[in-house]
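Paired with chain B in one complex and with chain C in the other, chain A is shared by the two complexes that follow.
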Partner chain A sequence: MTAPLIAAEGLVKHFPVRQDVFGRVSAQVQAVAGVSLAIAPNEVLGLAGESGSGKSTIGRLLLRLLDPTDGRISFAGQDVTALHDRGLRPFRRQAQIVFQDPIGSLDPTMTIGAAIAEPLRLQGMANGPELRERVGALLQAVALPAGYYNRHPNELSGGQRQRVVIARALSVDPSFIVADEPVSALDVSIQAQIINLLEEMRTRRGLAMLLISHDIALMEHLCDRIAVLYLGRVMEIGPARDLVRAPRHPYTEALVSAVPEAARAGRRRIILRGDIPNPANPPAGCVFHTRCPYAQPDCSRIVPEMRPVASGHLKACLRDDVP
Partner chain B sequence: MVDVIATQHLTIGFGATRVVHRLSFSIAAGEVVALVGESGSGKSTVALSLMGLLGRSASVEGSIHLSRKNGETCDLLTLPERRLRAIRGNDLAMIFQEPMASLDPIYRIGAQITEALAVHRPMPQAALRTEALRLLRSVAIANPEACLSAYPHQLSGGQRQRVMIAIALSCQPRLLIADEPTTALDATIQAQIIDQLRQLRAETGMAVLFITHDLGLVREIADRVLVMYAGRIVESGPTEAVFGAPRMPYTAGLMRSRPRLFAETPVRIEPIPGNVPNPAHLPPGCAFHPRCAHSQPGRCDSGTPEPEACAPGHQVCCLRWREIVA
Partner chain C sequence: MTRRACGLVLILAVTFAALFAPLLTAYAPTQTGVFFLAPPDAAHWFGTDDLGRDVLSRVLHGGRASLVIGVGAAFVACVIGVPAGLLAGYCGGRVDLWATQVMNLCIALPGLVLALLITAVTGPSVLNIVLILGFVSWPRVARLVRGQAFLIREALFVEAARAAGADAVWIVPMHILPNVAGVIAAQFALTVAYAIFTSSSLSFLGLGIPPPSPDWGGMVRTGLDYLSINPAMGLAPSAAVGITVLGFYLLGSGTRG
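Up next, the complex of A and B:
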């Protein structure tokens, strides 16, 4: 594998969920519990998982929008874990984010042009006529009419707003983007426009991307590799098509089988019992054992280590014989 | 088969804006019909109109005939509110996308389940409790006793949606309207709820109107599908007929715009260009024509297509369906 662009090692993030009157933390939730990932230049890694699995937290940790409780993050060989404020600026230019909700990510009082220009101005990358020219080129790159420069977000549709958010993220010419559910808030007929735009940007600009999504079909389509998360831990990671077609971890198997199309393709539907456990009080042993159809007595005692099952394909499951 | 519900030329407007245009459809007993469309297509407005929950700002024309449990048939649009109240929750029930917003946060689950029962099926207090427990068990709530005394915030999203289904089913409705019931839920929980709905339909023989934008889900659960665009049904028919060979370019476009699971080779997905139109400024002619690759100037932009049968039970609203391969 080529040297990773961004790598995380042993990432841990705790959030306080209860504090006493003196502000002392009496309970905390382990949103991310020891995750290691690496993304190569021009690679798209998907993070799959249900709510509470920690996928959005990992995205924010990698971008240093949140401080990890433990673990290391390096970008292009440089440790960025300890950087703050001014020291983070060059990193901020390289690593950008696209959020799910394009309404919440745009200031309603700012024109589209000003919104896209802001990162360029803050990074001191352009000003005056050159700034305006670069914003014009970005509008064109995301297929928005040049006349939108002076419009406000409320004049745009959801899909158009998401294009603006993507243009703004691309404005500083980053090498890495976190896309956190970039199409789930959009109508089906609009989603495809944005998916193709992301694909095009990746090819044309050689971007590396972390795609956070719950949409397995979308991830199979867009990602090179997929990591499946459950309660803040990686259950399985591997090449996207292999992982979706032949899951090696029981949770991945259930997750893929829950996609309605999978049943039509002849997959046996696996209905998991119960709900996702509370991340503040995760089960002992393998965190998935309480819902796993293949669980054995050992699964509630031993924490499974990540181990290779094929080239570039790893899983954290004690059993070899399933699924 | 008896039609449980049948609308004729249902037209709904808010002020000067018409959001639903001359909708005619019916659902037979035991049938699951999916109403598919994007935001603004009017699908939720249709659901609310069936329940009589649109409020006074809406003007509703046409008719909605319901065949009731007691054998009588009535037009819901002509009934006074007093009589509608006896039907709502009794012959007709509805579940919504966000179960948290549908449950009252300050009452225990038990009180919320027995409320509907006490109104429509009066019985002694002890029997109410027994029935509530039976209902919770029927939707696979693991610990029904504890659930009865819990408040909504103490339940997970999946449990709350199960409780909503239990409430909806408490009076054995003829028709269950499910408006995006699993959109807010996680994939593995969605699978549980869909499985549950399918079982309940088989056991009770109720009809289901399933509203969603998820085509994969429609193909899994619906017998028939109604595709809505800009307030009109643009294609309808048996699910496999419509998705196997869509005749309306919009339906075909929707199918091509989603990545396919287990695709043999990576296929480039084809978006539908443009945006969903604003109901206040609908394009003339076929409302889909500005986004349609097959639209013909002078034809699609002037004449409004009427539904035509292209196969038994399969209807399409397209002026060019005979000439094109959608």
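Up next, the complex of A and C:
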């Protein structure tokens, strides 16, 4: 693999959930518990997992929208973990985000033009007529009429808003984008447009992307590699096709088997029993052992290390014989 | 008609009457006459007061002071309250804790009593009353703005702005303020109503604008003594206070928060 564009090492994020009378944290949730990832330039890494597995938290940590409890983040070789506010501005130009909710991510009091122009103004990249021109070009790039410049978000449909959000993210010409469930809030008929737009941006602009989703089929289509997350830990990471067609971790196998297409292809559907464990009190050993159909006594004692199973394909599972 | 429209009509009517008072009456508000305490008739619609002055003219002219005091006090309240509320709501944590305690302390003290005390010390003048009522009203504005800022701070579009490189200096004026503007406008109108009512109460208690300037609260106070001779002398300024306060109240409570 070439030198990574963005890399995270041993990322940990705790959220306090309870404080005692003295304001000390008495209980906390481990949203992310030691995750290491690297994304190469122009690579799309998918982040899969159930809700509550820490996918969005990782996206926000990578963009430094949240401060990690522990771990390091480096971007293009530079450590950005310790930077704050103005020190982060150059990094913010390079790394952008597209949120899941296109309604909430646009300020209702701002016009579409102002929303797209905001990152450019913040980064001091354009002003006056040039700014207007660039916003016009961006509207065109995401196939929105130029007349939308003075409209307000409430006049647009969900798909149009998401295109505004994408135009906004692209405005500063970033090299890395976190797309946090970019299509799950949209109608199925609109999803394809947005996916095509993302793909086009990637090929045309050479973007690297972290695609957060729970849609394995979509990720197989869009991503180079996929990382599967469970309870804030990476269970398996590998090339998208291999991972989806031949999962090596029991959890990935269960996730993949839940995709309707896979089920039709004659695969056995694995239904996980029980709920995702409480992240404030995760199980000992392998965190997945409470729901794993292949669990054996060792699984509740030993924390499995990430180990290679093929070139560029790693899993955190004690057993070699499954699935 | 909506509450807001009703309020607006009342406010416009009062403002019009106060602004064009000299054109609407034949008498100057301080012009005395020989017919004192006359009951209402065709020449003096609300009769005359104890010094023979036309009550209608005094009620209309008195609206000027009330409106200036009301709007001025609400302005002062917003000038202090909006930044304080934004700061507390956006910063959160320790800043918010202290700001909230100060607000609650001020809200716990009854506004009228506080205003009475300060006015007694500083002496009544239009400027003093504006400043004092503004000072008494700012915590309500601040508390409201704080709550809204606290909510909007968590909005996704604020996080999106941060992801684009924005800091507090950008986010507060560009995102938080425009989104609390509606609430501020509503609270502004309510504060005007409160300030007019409270300033009239102060005048009624003898701490109003010094005579002979016409002043609603003071007129009600004097009118009370002659209620049986010319009832309109006390009732007309009371009604004027009522209509004005109602107008601003309707406007404020009808505006979407």
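Here is the rule we go by: the second predicted complex is superposed on the first by the 323 of 323 C-alpha atoms of A that agree within 3 Å, B and C clash if a C-alpha of one lies under 4 Å from a C-alpha of the other, contacts with A are read in each partner's own complex, and residues count from 1 in each chain.
We take it that contacts are C-beta pairs under 8 Å (C-beta built on N, C-alpha and C of every residue); 3 or more make two chains touch, one makes a residue touch a chain.
Every value quoted in this text rests on a predicted model; they were computed, and no experiment measured them.
In the superposition on chain A, contact of A:Val259 is made with chain B only, not with chain C.
Of the two partner chains placed by superposition, only chain C is touched by A:Arg89; chain B is not.
The partner of chain A that touches more of its residues, comparing chain B with chain C, is B.
With both structures placed on the common chain, the touch criterion links A:Ser189 to chain B but leaves chain C unconnected. Of the two partner chains placed by the overlay, neither chain B nor chain C lies in contact with A:Ser311.
Once chain A of one complex is fitted onto chain A of the other, the partner contacts of A:Glu118 are limited to chain C, with no touch recorded for chain B. Touch criterion not met for A:Ser26: it reaches neither chain B nor chain C.
Partner chain B is touched in their complex by these residues of chain A: 50-51, 157, 159-160, 187-193, 195-196, 214, 216-218, 220-222, 244-245, 254-265, 269-272, 274-276, 291. Remark: chain A residues 63, 65, 85-86, 88-89, 92-93, 95-97, 99, 101, 104-110, 118-119, 122-123, 165, 168, 172 touch chain C in the complex.
If you check the complex, the residues on chain B that touch chain A are 38-39, 142, 156, 158-159, 186-192, 194-195, 213-217, 219-220, 253-254, 256-263, 266, 268-273, 275-276, 291.
For chain C in complex with chain A, the touching residues are 155-157, 159-167, 170, 174-175, 178-179, 181.
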